[in-house]
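So, here's a batch of structures to check.
Across the two complexes that follow, chain A remains constant while its partner is chain B and subsequently chain C.
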Partner chain A sequence: MDILVLIKGVIVPTQKPAFDEKGQLTAETSTAILNPYDKNAIEAALQLVDDHNGDVTVASYGVATTTEPALRAGLALGATKAVAIDSPLVATDKDNDSAIGVVLAEAARKLGQFDLILTGSQALDMPQGYVGALVANSLNLPYFDNVNALATVDDELVYTTLWEKGTITGKVQEPAVISVTDSINKPRLPSFKTKMMAKRAELEQLTIDSITVIDQSAWDDLNKQAPTSRLAPLPVQKKKSVVYQLADDEAAVTKLITTLKAQSIL
Partner chain B sequence: MKKSIYLVLLADPEFEDKNLNLIHFAQINFENEDLNAVVVAPSDQGIEEKYGETGLNEIDILAYSQFSKINLAQTASVLSDYFVSQAHSLILFANDKGTTSIATRLGAALKENVITQANQLTMTTTGLQAQKKVQAGTMLQQTVLTAAAKAVITCDVTGINDRITTNTTATITVKTAGELVVADDVTYADLPVKANDLENAKIVVAGGRGMQGPAGFELLQKLADQLHGALGASRVAVNNGWVDESTMVGQTGKVVAPDLYIAVGISGALQHTVGMDQSKCIIAINTDPTAPIFKLADYGIIGDGETVVKRLLSELSTPVPS
Partner chain C sequence: MALQYTDEQKDFLKMVTEFADETLTPSVVKACDEAGSCPEELFKPAFDMGLHMLEIPEKFGGAGLSYETTAMIFEKLASYDPGYAITLVSTFVALRSVMIAGTDEQVQHFADIIAPGKFAAFALSEPDAGTDAGSVKATATREGDYYILNGDKTFITNGSLADVFVGIFRTTDDGNKGLSAFIVEKSRGGITAGKHEDKMGLRLSNTTDVAFDHVKVPAANRIGDEGHGLKVALNSLNLSRAFVATLAVGIMQRALDESVKYARLRQQFNRPIIKFEAVQEMLADMATQTEAARLMVNNTMKMMDAGSLVRKEGAMTKLFVTDAVQKATSDAVQIFGGYGVSKDYPVEKLMRDCKVFQIFEGTNQIQRVTIANELNHEYRD
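Let's look at the complex of A and B:
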């Protein structure tokens, strides 16, 4: 079983984030790491491959400073191959989620035949939970999302999707695209040896310079409509809390209950 | 700027509460716009009673007997057929897991912009601004769409509970769904135990590592029962196996906005607080006065969780009327 895991290098703020004039985190106040949710996707892939043989490829779209830490972290976890994807067709001054999804689909097709394409449930920095749907749609593959369990039953891969109030169970018809939750498994920790190997490993480069998975007109439309976005700090709501000390106030609990009742909260 | 805005309402008890919240969310955000809806349902029975007088302008009902909430691919395909030939600019969904799954599939099929979990939408002279929380809830992202751009947006309707009062009557048209793709071959099972209560509960009693073990959670469950509330938990408590996964609140777990949230032995990590910071009143009980949860709290007690909960239980032993 050959599996492609799409992983993102997410830009996370350091302690004192600052924004540039475009409303993006400045390079000095942010670092790129492997999206933690994608560790679960890599782990799911490794477990499937352990059971069925095959290779796990990790691939990431973006500039080298974000893809490289993600890809090396993916190799350290046990992926066999890592591919950095870039494309001159995607404008960098826009918020191009949809275009990136299509480029990832194009890349997946170029990289070969995979039984499964896995993604994490969301990107930690700019969570959308959208890339998997786009890749599946562009490649005309079935899509299963919020997958919380994958198990082989009678030679067939059975998935469970977790919703707020219930679960959906069905069979995965391969090839397929699956986005996994972060409760599907507990990602392994890289060993010293795999970390060292990952540090030295060669990363493959793939440049996407034409789009074949969707119509040219749909591609043009999608780029024309791409929005722009900026970040802003969350306004802090200052609350006037009333805090009781149990240690020096035997009646703390009584006082709390009295206050809550007086405010009609209880 | 005039926009043609469509709300997608899926007729299933799992989504119906949030359907009404979505209508209200849209009314708050688009005061001066006509709001239309497309209702996908197994039949047109009862739709008019439910949505006819909620302030919507036009309602199209796509009724077909195979409709089921679990047919994600089929429902997305029905909606995609509908919207391909229906002029629209914005398509709004509520933020359940199921509706979001359909929204992203629809966005991918239509190749339109997708924004998930928007908490504010503002019409501007040049287009639309959508705002959402990003970076694990620590920052806001404001996305500006041009006037011509189309988008599928899932709306964070958590905490929008007001019911709509209006006296306008919508124009209702029953439409036939296009040719159906084969239904998803799936089965659905309800989650066990009290999972269903959490999102709708008026009071949530939640525990974290500070409750020390399953025994602590039995106490919290008792308190929740006594207050007619539901039990919640942090990820650490769930990971330690002290309590069922369905109780987890936060980024990975559920997002709740009850009238009262009691956090016992929970430090208040961002991944937890994004799931509860919209609660109307927050009480923190924690041994550590510097725990971040106190920043969010309206009331707090610095002290041992077990001791405080036991006292709450005994002092509240005359049950509050529900």
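Let's look at the complex of A and C:
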């Protein structure tokens, strides 16, 4: 079973994000890590490959400063091949997720025949979680969203996904695209040996310079889309402190309650 | 800390911290300490990560890290539990001792046994051959293309866990020159582990007697020439001394961490006890000694990476660090006061764990002899 896992490098969550003049996260100034949800997708892929043999390829779109740490982390976990994807065709660059979804689909087509394409259910920094749907749509493949169990039963791949009244279980007809949740498994820790090998590994470069998976007119429409969102850091709120000095406890409690109620905290 | 870690080393420390936070939780460590043993499955994640083969070259299946980086990783691991760490250290030191004088085929054979997740042990000490390693009585008798091994070894770390041993046996009566080293696979039969020692510290680590009863090994299992066994043993001890010192630094750091945290919280006379000079002195000494110990280990590891046998430096490092850890852990108990001797608090275990560090891998008394002999050698005309 050959599996492609589409992964993303995200900004270290504990790091204060930097924004450019367009209101976009500036990856260049930030340290990127592998999106934690994609670790679950890689783990799911590795477990399936452990059972059925085959290869796990990880691929990531974007600039080297974000793709490289993610891809090397993927290799350290046990992926056999890593591909950095770029494309001069994406007009609005990193903020056009719809176009990027098509580019990823095109990359998947070019990289060969895969039995499954997996993604994490969302990125840590951009939680819309529609890459999987975009890729499946562009490749005309079935899509299984937010899958939290994936196992082979009698040679058939069975998925389970949560919904508000219980679970949905069904069979996956391969090839297919699947997004997995962070509850599907507990990702393994990389070994020191694979970590060392991943540091030295050659990353394959793939430039997408033509789109064949969707019509040219549909691509033009998607690619013209303006950024759907503008990022802005939360405004810094000035902290106000007030000190009341009241002689008796009861008056102090009453004052505290009145003050908190006045600010709609209570 | 005075050591400047590279990005790669920081990355590895993060990995081992994440691993230890998950695997060696306080409740797990406490249960193993109380039981005086450790379930083998607790080592599976360590084997999966390759913690038992960190500094083994990649061509033999290891991660190929330097001794320096390996020591940093093991210091961190020992701060969680030194018994757990020494189980893994003993495994790779056994493999390293094959590398000292063995052929590539022997090293590969040994590495292939432990790589998938098996333990190894180094079997030198005997009831009457401790510090006096040259008085080993266990014998290896040549019979055609085989040797027949007989005798009892004692205080063997990983004794009942190991699937493969490096054993020192007497091939002739020629004193120190009559010893030879052998790879002995458990599967050969005739190897029996005795009772697990009920120790005061390092209780998570497996220590047993091991009896060899007519164990037949091919002559191809002999490491190096006949009569070179003591050299293999002593060179292997140089390495393991440096690593037990590393583990002792981990214990010192843990003692410091626990003591500072406690001294900041514990209130007496309406202020935290860290505000009292008597406590400050103990903490400052502990921090300074820990830093010095870490630097000494680091320098020895760098020398080993450069190919030095560290006869003197290994002995000096082992001596200094394993003496320093006694005071650090004793002071940690002192700072905790009455709670310090309670098993519900973490520091009494540190004090129990560290005592043996002055004894094993050559007592600190014999380290002084080694250092003095090396000095005598250095200053000769």
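The rule is short, and it goes like this: the second predicted complex is superposed on the first by the 215 of 266 C-alpha atoms of A that agree within 3 Å, B and C clash if a C-alpha of one lies under 4 Å from a C-alpha of the other, contacts with A are read in each partner's own complex, and residues count from 1 in each chain.
Here is the rule we use: contacts are C-beta pairs under 8 Å (C-beta built on N, C-alpha and C of every residue); 3 or more make two chains touch, one makes a residue touch a chain.
Not measured: the values here are computed from a predicted model.
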Task = Determine, under the contact definition given at the top, whether A:L134 touches first (chain B), second (chain C), both, or neither.
result = first
Query = Given the touch rule stated above, what does A:K199 touch, chain B (first), chain C (second), both, or neither?
reply = second
Task = Based on the superposed arrangement, let me know which partner A:L189 touches: chain B (first), chain C (second), both, or neither?
result = second
Request  = Of the two partners chain B and chain C, indicate the one touching more residues belonging to chain A.
outcome  = B
Task = Could you say whether A:T14 touches chain B, chain C, both of them, or neither, answering first, second, both or neither?
result = neither
Request  = Return first, second, both or neither, reflecting whether A:T65 touches chain B, chain C, both chains, or no partner chain.
outcome  = neither
Query = Is A:T207 touching the first partner chain B, the second partner chain C, both, or neither of them?
reply = neither
Request  = Could you give the residue numbers on chain A that contact chain B in one complex and chain C in the other?
outcome  = none
Key: chain C-facing residues of chain A, complex   = 188-193, 195-197, 199
Ask   = Hey, which residues of chain B end up touching chain A in the complex?
value = 14, 70, 73, 96-98, 100-101, 104-105, 107-109, 111-117, 133-146, 148-151, 184-191, 195-196, 199, 227, 245, 252, 254, 259-260, 281, 283, 289, 294-304, 307-308, 311-312, 315-316, 320
Touching residues on chain A, where the partner in the complex is chain B = 12-13, 17, 23, 95, 97-98, 101, 124-130, 132-134, 136-138, 142-143, 145-146, 162-171, 181-183, 214, 218, 221-222, 224-234, 239, 241-247, 252-254, 256-257, 259-260, 263, 265-266
Key: chain A contact footprint on chain C (complex, rising order)   = 8, 11-12, 15, 18-19, 45, 48-51, 53-54, 58, 61-65, 73
